Amino acid sequence: MSESIFTVPVGPQHPALKEPENITLTLDGEQIIDAKIRLGYVHRGGEKALENRTYVQNLYLVERVCGICAMAHQLCYANNVEALLGIEAPPRARYIRTIVAELERIHSHLLWVGVAGHEIGFDTLFMYTWQDREIALDLMERITGNRVLHATNAIGGVRRDITSDMIPLIKKGLTYLGERIEYYRKLALGEKTIAKRAVGVGILKTQDALALCAVGPTARASNVRRDVREYDPYSAYDEMPFDVVTNDGCDVAARIFVRIDELEQCARILEYAVDHLPEGPIKVRAPRSVPQGENVSIVEAPRGEDIHYCKSNGSDRPERYKIRAPTLANWASMRKMLIGGSMADVPIVLAAIDPCMSCTDRVAFLDAKSGKSWAWSYEQLKKYVQKHYGE
Amino acid sequence: MDLFGLLIYPGLIFLLALAWFYEWLDRRFFARLQNRYGPIYTGPHGLLQPVADFVKLLAKEDIEPAAVDKPLFRCVPILVLTLPLAVLFLIPMSGVSAFIHFEGDLIFTIFIMTLLAILAFLGGWSSTSRFSTLGGLRAAMQTLGYEVPLAIVLIGPALVARSLSITRIVEWQASNGLWIVVLTPLGFGIAVLAMLAELEKIPFDIPEAETEIVAGWQTEFSGRKLALMRLALDLELVLSAGLISALFLGGPSGPVPFIPNIIWFLIKATFVVLILTNLRALFARFKIDQMVSGSWKYLVPLAVLQILILQLLLR
Amino acid sequence: MEGELLRHLAKKPATMQYPFEKFQPVEGTRAKIEIDMVKCIGCGTCVFDCPAFALEMVGKGMTCDMKWYPMRCVYCGQCVESCPRNAIKQTDEFALAKTRKEELVSEFKRSKKE
């Protein structure tokens, strides 16, 4: 190894990361010349656990794939099972699902703006955004009973209704959030130190974004117009007025602007949904056994496109359930974004794709030459862990 | 030798208490700007929190990684604590004269402050871990950025008072009833910014960037060594605030004659600390190349310009 | 930005000094489970539907007792919906921590008449 080139491991434990992942950077001074990414630290065996529980129990297990986008995962699951059963949620339930999903998007994006501020050393922004996020969390607690992990979906509808005394609270919260979102947009545009850290950093050109299958705000900030709510509407999104936000900056600053503009669109959807909430039941009765079949459902989680696949075999437990979380699709473009930058850019570039490792981690073994794939048993996993981390 | 003055007031005990008080003030003000409380629990209004942190760190295990350069690794915390303490005796606090003063002690102070930055580099270098090395390199590069404009603008007050002794500068401001900041406002601003870089506070806390390189050059220090280093950083804060208030804001003297000098010193130094904390809450962190190039593109020309204007004014 | 910073100096901090300040839980929040053993018919649907296996039936049928484990529960409220007799209720008592593990089980027994 030459004198000025050395490797720095970022992760699995590092103050910049909210969740463990390992990126081994090869640095020449402060410049990054190579990056090697290794995931799998949060693998919890979720997909296997889903196979061992009934469809009703799985409602709550699926939402614990991720704490921040819990509603998105549970909504995807509910849509999946309802499609397999051949039932449809009533209109009021679809509107309530949209309302909670958009509130979750607000809370997730505000969380992200705060974390991005913390990564570039701007702790004040972190404190301010997380304080405003409390408004969204309090609203969700009032509507669903919990701040995160809402568990508001049931198979066939929603579990709790939005009563008329909740509506003025929602409107008041939305008015306040609207002002704060406007303030954050002005701050992102005007604050020079943020511009110095975010403009021209972590570039992902449009053709790279398309080739590496980026999703969500990461792709939309590289001018790839892709939003599930537009091309494959679910819940009540086909009746909601909103614009898909894209930005052609292709850098971290563009990702900041995309998320702040999406916050504004969320507020718009929420206003419309609350004003036009249809009357009617909130749930249809769903049988416990699901007939044989397969289904794929897609949902726009705050981080991008979330795909669930379900295979049922006529019993009350799924035979196979697979989750493709949005962050897994965005990791492929991470290497492209890191190389050529400097060490100081690493935290903000990592944060800019909004990584959610809890969503992402699945482990499968693949022999590249023979194409064979297999899985490990619990005993093999325990032996491997003891060998590598025991000493 | 005035033993009471050396050890108690305005000596060692007073300086330590002041260092801990300023850390408390810095944390409380920073927190209130961000709409939260800050330390309020330990002691009355949380005043004993920095002391509690110091005592806790003293009690923790002092881990020395096997690959460190042991003599240097052990010397750095001690040196980084004692050098600011030595220089603090040159700043007038309880009277218009400092405890020790000699002609040229301003240059000596600037020299010691540069030495502190080099100690940061040595601390990172002797730790031999990747993050420490990166932090040490950044500390050295940051020195290249801020030392020159700082030295230039700190000579400004010396030009006005025609002396290189901090005590004489304060005496000049007291006898002429004029604060030097009126003559060199730009110099005051540049001095405050450069002090932020010297103290490694946001926007210039690059050598110690928590989210990028764990803790920079301080990563491998733990236990007693870390306690001494944190105390040293607090003492550097007292030194910077005291130096700026002595050179630009008239030091421990003021228009109203019945208030003792030490109160004037505390008021002015606290004011400087509050400015530094406010700037800390206002900005994001710069990158090292932006900091050095920005310093040479903007701060150095402005500092030279300030000295030229000062010379014209004094003519 | 500076104006925003200075404005916050005048505002009361956002932090709530719990537990010195009393905290009023939001209406409808999901916390502690309570089972009304008069209404319970011992069907076992709640035990079957619980995703965290936090409910346990001691005995069988109309003479059973129920046990609830606060440490295993995820406070989802599925048992409240599954019960055919609405015997389970979810209150807003959230401060459930105890210092001994043995105290972390709630037993709901039927009152023995006669």
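Going by the order they are written in, the chains are A, B and C; count residues from 1 in each one.
Here, contacts are C-beta pairs under 8 Å (C-beta built on N, C-alpha and C of every residue); 3 or more make two chains touch, one makes a residue touch a chain.
Computed from a prediction, not measured in an experiment: that's the story for all the values here.
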{"item": "Farthest chain (mean CA position) relative to subunit A", "value": "B"}
{"item": "Comparison of A-C and B-C (more C-beta pairs in contact)", "value": "A-C"}
{"item": "Distance from the mean Cα position of subunit B to that of subunit A, given in whole angstrom", "value": "44"}
{"item": "Length of the line joining the C-alpha centres of subunit B and subunit C, rounded to whole Å", "value": "53"}
{"item": "Centre-to-centre distance between subunit C and subunit A (centres being mean Cα positions), rounded to whole Å", "value": "28"}
{"item": "Multi-chain contact residues (two or more partners), subunit C", "value": "1, 5, 14"}
{"item": "Subunit A: positions in contact with at least two other chains", "value": "124, 128, 131, 191"}
{"item": "Interface hub residues of subunit B, defined as touching at least two other chains", "value": "33-36, 281-282"}
{"item": "For the subunit A and subunit C complex, residues of the former touching the latter", "value": "53-54, 56-61, 64, 124, 128, 131, 134, 138, 141-142, 145-146, 149, 151, 154, 159-160, 183, 187, 191"}
{"item": "Residues on subunit A engaged by subunit B in the complex (per definition of touch)", "value": "6-9, 14-16, 27, 29-30, 117-125, 127-128, 131, 191, 193-194, 196-197, 342-347"}
{"item": "Touching residues on subunit C, where the partner in the complex is subunit A", "value": "1, 4-5, 14, 26-30, 48-52, 74-78, 81-82, 90"}
{"item": "Interface residues, subunit B side, partner subunit A - complex", "value": "33-36, 130-131, 133-134, 137, 202-203, 205-206, 209-214, 281-290"}
{"item": "Subunit B partner contacts - residues on subunit C that touch it in the complex", "value": "1-2, 5-6, 8-9, 11, 13-15, 17"}
